[in-house]
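Naming follows writing order (A, B, C, D, E and F), and every chain is counted from residue 1.
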Amino acid sequence: MVAVETESGLAETSRLTMLNGESLFCERDDRVLFENLDFSLREGQVLQIKGSNGSGKTTLLRILCGLNDSYEGKIFWYGDPIEEKVEQYYSSLIYIGHRVGVNKVLTPVENLRWSCSLQQQVADEEIYAALAKVGLRGFEESQCFTLSAGQQQRVSLAKLLLSHAKLWVLDEPFTTLDASGVKQLEGWLRDHADKGGAVMVTTHHSLSVTDLQMLDLG
Amino acid sequence: MNQQATTGQAFRATLKRDLIIAYKRKNDLVNPFMFFLIVATLFPIGISPGPDRLGEIAAGVLWISALLASLLAMDNLYRSDYEDGSLEQLLLSPHPLYFLVLAKNISHWLVSGLPVVLVSPLIAYMLNLPDAAYAALFITLLLGTPVLSLLGSIGVALTVGLGSRGLILAVITLPLSVPVLIAGTLTVQETLNGASLGGYLAIMGAMLLAALTLAPLASSAALRISVN
Amino acid sequence: MWLWFSKLGSPKWFYELSGRWLPWLVIPMALLLIVGIVWALLFVPPDYQQGNTIRIMYIHVPFASISLAFFPLMAVAGTITLVWRMKLADMVAKQAAPLGAWFTALALASGSIWGSDIWGTWWIWDGRLTSMLLQFFLLIGVISLRSALEDTDAAAKACAVLSIVGCINVFVIKFSVDWWNTLHQPAGDFSLSDEAANPPEVWVPLVIMIVAIYLFFAVSLILSTRNEILQRERRAQWVQELVEGH
Amino acid sequence: MFETIQFSSLGEFFEMGGYAFNVWSVYMLFILFFFINLYFPLLKKKQIIREQKRRLVVSKESTIEISET
Amino acid sequence: MNQQATTGQAFRATLKRDLIIAYKRKNDLVNPFMFFLIVATLFPIGISPGPDRLGEIAAGVLWISALLASLLAMDNLYRSDYEDGSLEQLLLSPHPLYFLVLAKNISHWLVSGLPVVLVSPLIAYMLNLPDAAYAALFITLLLGTPVLSLLGSIGVALTVGLGSRGLILAVITLPLSVPVLIAGTLTVQETLNGASLGGYLAIMGAMLLAALTLAPLASSAALRISVN
Amino acid sequence: MVAVETESGLAETSRLTMLNGESLFCERDDRVLFENLDFSLREGQVLQIKGSNGSGKTTLLRILCGLNDSYEGKIFWYGDPIEEKVEQYYSSLIYIGHRVGVNKVLTPVENLRWSCSLQQQVADEEIYAALAKVGLRGFEESQCFTLSAGQQQRVSLAKLLLSHAKLWVLDEPFTTLDASGVKQLEGWLRDHADKGGAVMVTTHHSLSVTDLQMLDLG
């Protein structure tokens, strides 16, 4: 049920393993979603999680982020169990889920100002620049409920550009994006990995990045 | 720039964000005390007592109205954050959740509790509250409503993932709030009977302190459970 | 008929027409107000029971009676909004709600200041007073609904529905509350037609004040509606020309 | 019908037979409300026009920019 | 099979669906009267009057509690349908919206209003309501709570798209409900004073009829506006 | 800004025009989303609406379904203005939006039983069969909140199989589906069109159907 393939010809052993899971097991309502699942994610890698609807992709990501604790098995952050490194782990992590974390009443700028401030200090100019990059120039001061589904998604993606987090965990980030948005985001994933970050992403797209690993949940 | 934010900064950012949201919604500011006013009006209408009778029940009516206003206002403490995913972001912050939850509670009380306290003397007048009871009423509300907010926060945190929150929240929170209600009304009544405020206020102050230190912990734990 | 209707619905037409009307409202308003206030304060004889507080009546009664006109006004405007989608009607309705709240508040304030002497208390739970207070709450409800709904169009229609429902309800409230508890001056007690009880030197200035304050109501509603027009039609050609002309 | 003035002196007029506070506060409230209600709409109109002018200027500038490029 | 459904069938299907949802949520069934119970209990606690005094205000307290319970229960009438998109499906039905809304209102009252009415004698006993008033109280609640539901439905329909509904809903709906409160409490009081129930009940019946015919129309219009 | 291209070589004139819009205009917050938009949809056609994020695709669909009336212009159903044919129009229409209309508490069967009953009578066996077709066999009696995002989407798509509505209006129906789901849905669209129905769909996918028309909102 579980298959791990690597597409990059040569694994660069000089890079550290950032996150790895050992013999993960999860069941919901008597249905085993995955068992004996091992994976490891090195710096510079993109791990794409595949699987049909209901195979447990979202569940896996939420487990890794500590948002779901109904699992068995072990997860390590640079070799240490994550429970022991929570603070450090959370300062290096960005998670964008199905619900993107954009308050409808606030403007994109206000949203980013807050959600970034939970991790690091960000100047307003940086926020404006990031919004321009995700194609929201002119919408900086509109309240988010006036934005379309894709535009709201873009607000949350701007966080990727602002943050210095090393690990991105993205749950179907491409869904509402148009063609140009998809291309842009793919570029960011590639750049982030090339700069030594790591990405876990669920998507049905096929990604073009340097060091791609697949994890298939069936 | 671009260095790690301190917990203090995250606390302030959260406080500010919630205040901005309340300010933008406007209604969040006006409605709690409008609700308080309206509910307090229902009593003379529903009970239609003579003026003296009214004065006797006034303190209780005010406290119950404040309790209900606080309860109804609670509903939007974590709700929209849960629905749009901001709550997950909050839980994924590297800072102690205690402070972030506290920030949210404080901003919520400033917006929904304080106006109720401030408008209470007006309604007390309309309800014929005896003159001697004004100070006691005001101070007990000032000390008591934050406790109600902090307790309510636990209830909301527990129920935020549910479809029909309003009522279950009430069913969980109201019994928890009864001690505050008793302390508040008793203080007012005893001052009317000539007792000094001091002792009673000490009790209410202790309640507030305990709630401030413990309730956000419970809320944090509850939030983690709800998001799961 | 239809032509006239759609013309009246045009904000531009209303803006221009009301601009021409305004002086003809403001001048009589000012004259009547001065005459009315001077008369009320200086010439009206003190009441044999209430003494000089009777002078409060010349403010209280006009405000109280105009307050009652707001919900019907908003309901009519709301119906027009819903049925004919006339923007102008909603602009009037939008401005009427806060104005109504102010008028109601003043009626309440003047009444309770009057009552502080007559009844010895600022507030009693009497039918008239309570129904006025509830009308005030309903107006606040309309205002907060308007401000809660961000979309102008949705807000217009939602407030129209609420105004219509509220209008029916204001009558029901008045009926039920009167039935429930009445201490306030009944309408009959101060009948304007009953000359024996109320000599002309008492009611003539009252009529003058009522007319003056009605004019005042019209003027301030028109002024704020004109602002609303400018704001909502800001992208129309004629508004831009008007702005550049300033 | 037009009887004489009811007060013999200015002081008496201000006293209102002991009801100075009641009568005058009501009239003051009215006058205050009256002027506020005329003044604010006029002030607001000025604001709107000023704001509009600014917008017009900005939009003109931006159209010029576009036509230049 | 597979022919067009009649309006009657759509009405029944909607009624059934809402009842199933309430049954599955369980809380929807239990909470309204738990809330009613709790709020009614707050009064003796907050006001702490003697038994006679309590009996005098009992009818008012019961009615106010019922009003508030009905208000809080309203919140989940259209909310979840709005959030998950079912409301759009309802609006896109070829049947007159009036009947579908009526179905939702009826099922809502059955779930949240009726239990309150049924449990009211128990609480009336706890609050020392004079014996002569039981019948009047029960019948007025039976006639009055559907009116409260129908009126509340308009308010919810108007505010269903808003983030912070609880309070603005209350501010809109409570003043609208006052006539029902007055009619209800007055009827109880007048029966205590020896008047016959008939005339008062006729008024309440008329209110119910008017609400049944007009309120769903207003709710339908409001729903269309909110979804827009 | 607006371009209408048809991909089918020869327009079959024998087929009636089902839905057409004339000089549609819509603006939101001072931004004109579309103006002078004309389109027509014949029986047997699939109309794909394209456009970048925020270009007004969702808005257009909601306007066509009568869920949004802040527009100008005319919409015709078989030649008559839709206002005059509301009932007939609504009995022939299925709309599935961003929010899919699946109650979380109910099971898939109960959901479908209700939502179909608003238009037509449906037997339970048909519902079970449809659910099996969309890959939810075994989930018929699970409450929907236990389903994954894609599975919930599939519940709503089962309605397409159950309904006899002629016009399908679908807003980004592919977003949460996995690869096999995408293929299946595409097949249903094709079949529906071939049987004389019509489809309006917004998606960034490229569809393979017989008679595809594009409407580009820019």
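Operating definition for what follows: contacts are C-beta pairs under 8 Å (C-beta built on N, C-alpha and C of every residue); 3 or more make two chains touch, one makes a residue touch a chain.
Remember, predicted model here, so these are calculated numbers, not experimental data.
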{"item": "Touching subunit C and also subunit D, the following chains", "value": "none"}
{"item": "Intersection of contact partners for subunit D and subunit E", "value": "C"}
{"item": "Same vs different contact residues, subunit B with subunit E, by half of numbers used", "value": "same"}
{"item": "From subunit C, the most remote chain by mean C-alpha position", "value": "A"}
{"item": "Higher-contact pair (C-beta pairs counted), C-E versus A-B", "value": "A-B"}
{"item": "For subunit A placed onto subunit F, the superposition rotation in degrees, Cα atoms, nearest 5", "value": "180"}
{"item": "Longest centre-to-centre distance from subunit B, chain (CA-based)", "value": "F"}
{"item": "Inter-chain centre distance, subunit A versus subunit D - centres from mean C-alpha coordinates, in Å", "value": "57"}
{"item": "Cα-centroid distance, subunit E relative to subunit F, in whole angstrom", "value": "37"}
{"item": "Where subunit B and subunit E are represented by their mean Cα positions, the distance between them in whole Å", "value": "26"}
{"item": "Numbers and ranges of subunit E residues touching at least 2 other chains", "value": "25, 80, 83, 163-164, 168, 171, 174-175, 178, 182, 228"}
{"item": "Sites on subunit F at which at least two other chains make contact", "value": "70, 98, 104-105"}
{"item": "Two or more partner chains touched - positions in subunit D", "value": "none"}
{"item": "Footprint of subunit C on subunit B - complex, ascending", "value": "25-27, 30-31, 34, 37-38, 41, 44-45, 48, 51, 54, 125-126, 128"}
{"item": "Residues on subunit A engaged by subunit B in the complex (per definition of touch)", "value": "65-70, 86-88, 90-91, 93, 95, 97-106, 110, 113-115, 117-123, 126, 143, 164"}
{"item": "Sites on subunit B touched by subunit E in the complex", "value": "25, 27-28, 31-32, 34-35, 38-39, 42-43, 45-49, 53, 56-57, 59-61, 63-64, 67-69, 72-73, 75-76, 79-80, 83, 162-168, 170-171, 174-175, 178, 181-182, 185, 189"}
{"item": "Complex interface listing, subunit C residues touching subunit D", "value": "33, 37, 41-46, 51-53, 55-56, 59-60, 63, 99, 102, 106, 109-110, 113-114, 116-117, 200-201, 204, 216, 219-220, 223-224, 226-227, 230-231, 234, 239-240, 243-244, 246"}
{"item": "In the complex, subunit E residues that touch subunit C", "value": "154, 158-159, 161-162, 164, 168, 171-172, 174-176, 178-179, 182-183, 186, 218, 221-222, 225-226, 228"}
